[in-house]
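Note sheet for the following structure.
Letters A, B, C, D, E and F mark the chains in the order given here, with residues in each chain numbered from 1 onward.
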Amino acid sequence: MSKNGNTTSKYQIGEELLKQNRPDEYKNIVEGLAKFSPELGEFLIEFVYGTVWSRSYTENPVLPAQTRALVTISCLATLGREPQLRSHITGALNVGCSKQEIVEVLLHLCVYAGFPVTINAIKIAQEIFKS
Amino acid sequence: MSKNGNTTSKYQIGEELLKQNRPDEYKNIVEGLAKFSPELGEFLIEFVYGTVWSRSYTENPVLPAQTRALVTISCLATLGREPQLRSHITGALNVGCSKQEIVEVLLHLCVYAGFPVTINAIKIAQEIFKS
Amino acid sequence: MSKNGNTTSKYQIGEELLKQNRPDEYKNIVEGLAKFSPELGEFLIEFVYGTVWSRSYTENPVLPAQTRALVTISCLATLGREPQLRSHITGALNVGCSKQEIVEVLLHLCVYAGFPVTINAIKIAQEIFKS
Amino acid sequence: MSKNGNTTSKYQIGEELLKQNRPDEYKNIVEGLAKFSPELGEFLIEFVYGTVWSRSYTENPVLPAQTRALVTISCLATLGREPQLRSHITGALNVGCSKQEIVEVLLHLCVYAGFPVTINAIKIAQEIFKS
Amino acid sequence: MSKNGNTTSKYQIGEELLKQNRPDEYKNIVEGLAKFSPELGEFLIEFVYGTVWSRSYTENPVLPAQTRALVTISCLATLGREPQLRSHITGALNVGCSKQEIVEVLLHLCVYAGFPVTINAIKIAQEIFKS
Amino acid sequence: MSKNGNTTSKYQIGEELLKQNRPDEYKNIVEGLAKFSPELGEFLIEFVYGTVWSRSYTENPVLPAQTRALVTISCLATLGREPQLRSHITGALNVGCSKQEIVEVLLHLCVYAGFPVTINAIKIAQEIFKS
């Protein structure tokens, strides 16, 4: 059960999903963001992971976690949200996407979002792949 | 061979790809845009389809056409490019994506690009699925 | 209690809030969007209204509904999300914002988001105020 | 002298510039926008035209009106502000830009802002050139 | 009277407003930006502060300075303009907004602009509140 | 002839153009980006420079290189793509644009893209001009 009396079901699902697949992200939320804004921590765990991402963890997901990860990367690179792009490139590798798939997605965006989006995102991928 | 002396290889690949998989889009380019701007027509056929999209039509594509289509939809919905979103939702159905997959991608974007992106894109999907 | 076994508490709060303050928007969701995508309807009622907007309907809200409405308008106009801007200008009038306040917010955005944002948003306000 | 006691100098300069070079835009502001929001009309005439655009109408402008017009088109197409893009494509033709220059600018943007920006803007140019 | 013979009235109003309410921002403009581009300094002091922000410092402002500050924060966070967001979060505290109000505004944006906007902006708020 | 069997004509044109006018950018691509993603290197050399920028290096270019550079700067500043803006401000100086022209373009954007775009871009210009 969640700490503040929220929906135990979705909050717990979100917590479990994070602990298993994104322990780095879980730590980031719980020890970082949630200490400053408990509500933001709750929205993330309960809604973002417990309600939306969990849809890739049912028995017959419409969208497997890998595809969901690539779709997320496409969106974040297009918007230029660099901290989240870093996090989700790591996440994509975690759920089984290959480095080539990730780079291919970023390369594709040059057509629809322009070359700067592709170049800036590919530089981030390069840094993450090195580490 | 292309009309204006460009790379026959990529231009032809682009033309073939469009005629086979996106005849509607081919007609749109050749009879519409290219009549007003021949260069734009060429860039589209030679670069966008002949160089980038063709990467899903090799023997062992890193990104299958279906995933490439969902990544495109994610980018276009995020940017709010409605005419292209219409075109590529149709294209995604053409290459074998299901309606549920397409809606699931658009739903996912509410987290990263906001609910207005999801709502406006889902309305477009709804119109296309009806027709 | 919500239909699909979700958190009754937040879903119900969202439903109540919509029925009382935004009956037009409630109808829009339930009879429109939710028929095509039940999940989207749920996210909107449970998360957007039941979890986020409801924060202006507690005993001592940090942000009164009127300020929340103006902040929403600022964001939507900046992003150019016209359908949602229409809806939330109506919503702002519903919760007690004056027409002058709304126009003043849109005018202010010319500095931070550019004059086209202000002009396009003010035209929408003009249409809504006429009706 | 301007009506509401503003800087006579910049307001008058803006009015003159609009009447001479953009009578359509002047009419649009004075008979349309300014009737709904006098302040917006003032900001446009005094600041946008009287302070910024007037910088191309001095003796030795750093940026001639034609270049300023192409820079404006680049910005508006990139942002997808379609009403203003229409207006400023007309304005560019008014100050002496050729149709080929305008199309070439829009074509160039496919690299930096993506093909959808170019396609949507070129369609607008096509409509304006026809009329 | 301003140095280059501009409207004394608005320039002076802008200068006064900055010196009283945003001495840090005034110093930033006069000693920084304006040394490199005197015109930019003038536009900021005369138009941004002297014409637009001054509208919250009349006898019966349509929008009090606090609401104007929150609307500005909403716009800047949505656009991801981080340097200006830093500046205006400080400004909001200066004109009497509470830390909770500011965080609540940023939290609200997760719905309309996506979670990355909220997270990145809240991190900036966190840094400013610490100092 | 290019290394990977692509269109010799456009790839070579791109290489030549870069070596002559943008040796810094050429080095950046060949020794940096292309080592990580050979395809990205190819797209840049063959399409961006060999197909699009080369259009300013024909006998009677519709758009001279200087104007193309200013249009690029307008787009990149509007989108907030800072690494590319740095690169293209340098490029604009290389092809003969003056510092005043560049600053004037950035100043102009305050009207159409908002003051934050202008301020952040002018700070970048300031750094580049110093070095």
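In this section, a contact is a pair of C-beta atoms (placed from the backbone, for glycine too) under 8 Å apart; a residue touches a chain by one contact, two chains touch by 3 or more.
All values reported here derive from a predicted model rather than from experimental measurement.
Both subunit B and subunit D are touched by A, C, E, F.
Between subunit C and subunit E, the least number of touch steps comes to 1. Of all chains, the one whose Cα centroid sits at the greatest distance from that of subunit C is F.
More than half of the contact pairs of B-F, counted by residue number, reappear in one of D-E, C-E or B-D; that pair is D-E.
Copies subunit A and subunit D of the same chain sequence form an interface built mainly from equivalent positions, shared numbers / all numbers used being over half.
Subunit A and subunit B have Cα centroids separated by 25 Å. With centres taken as mean Cα positions, subunit D sits 32 Å from subunit C. Put simply, the C-alpha centre of subunit B and that of subunit E have 41 angstrom between them.
Shown for subunit C are the residues that touch two or more other chains, namely 43, 47-48, 52, 76, 79-81, 84, 107, 110-117.
Chain-to-chain contact here is organised exhaustively, every possible pair of chains being in touch. Interface residues of subunit F, counted against subunit E in their complex, comprise 80, 103, 107, 110, 114-120, 122-123, 126. Touching subunit C in their complex are the following residues of subunit E: 47-48, 52, 55, 62-63, 67-68, 70-72, 74-76, 78-79, 81, 84, 98, 100-101, 104-105, 107-113.
Residue ranges of subunit C in contact with subunit A, taken from their complex: 6-7, 9-10, 43, 47, 51-52. Every residue of subunit C that touches subunit F in the complex is listed here, in rising order: 110-117. Residues of subunit C that touch subunit B in their complex: 33, 36-37, 39-40, 43-44, 48, 76, 79-81, 83-84.
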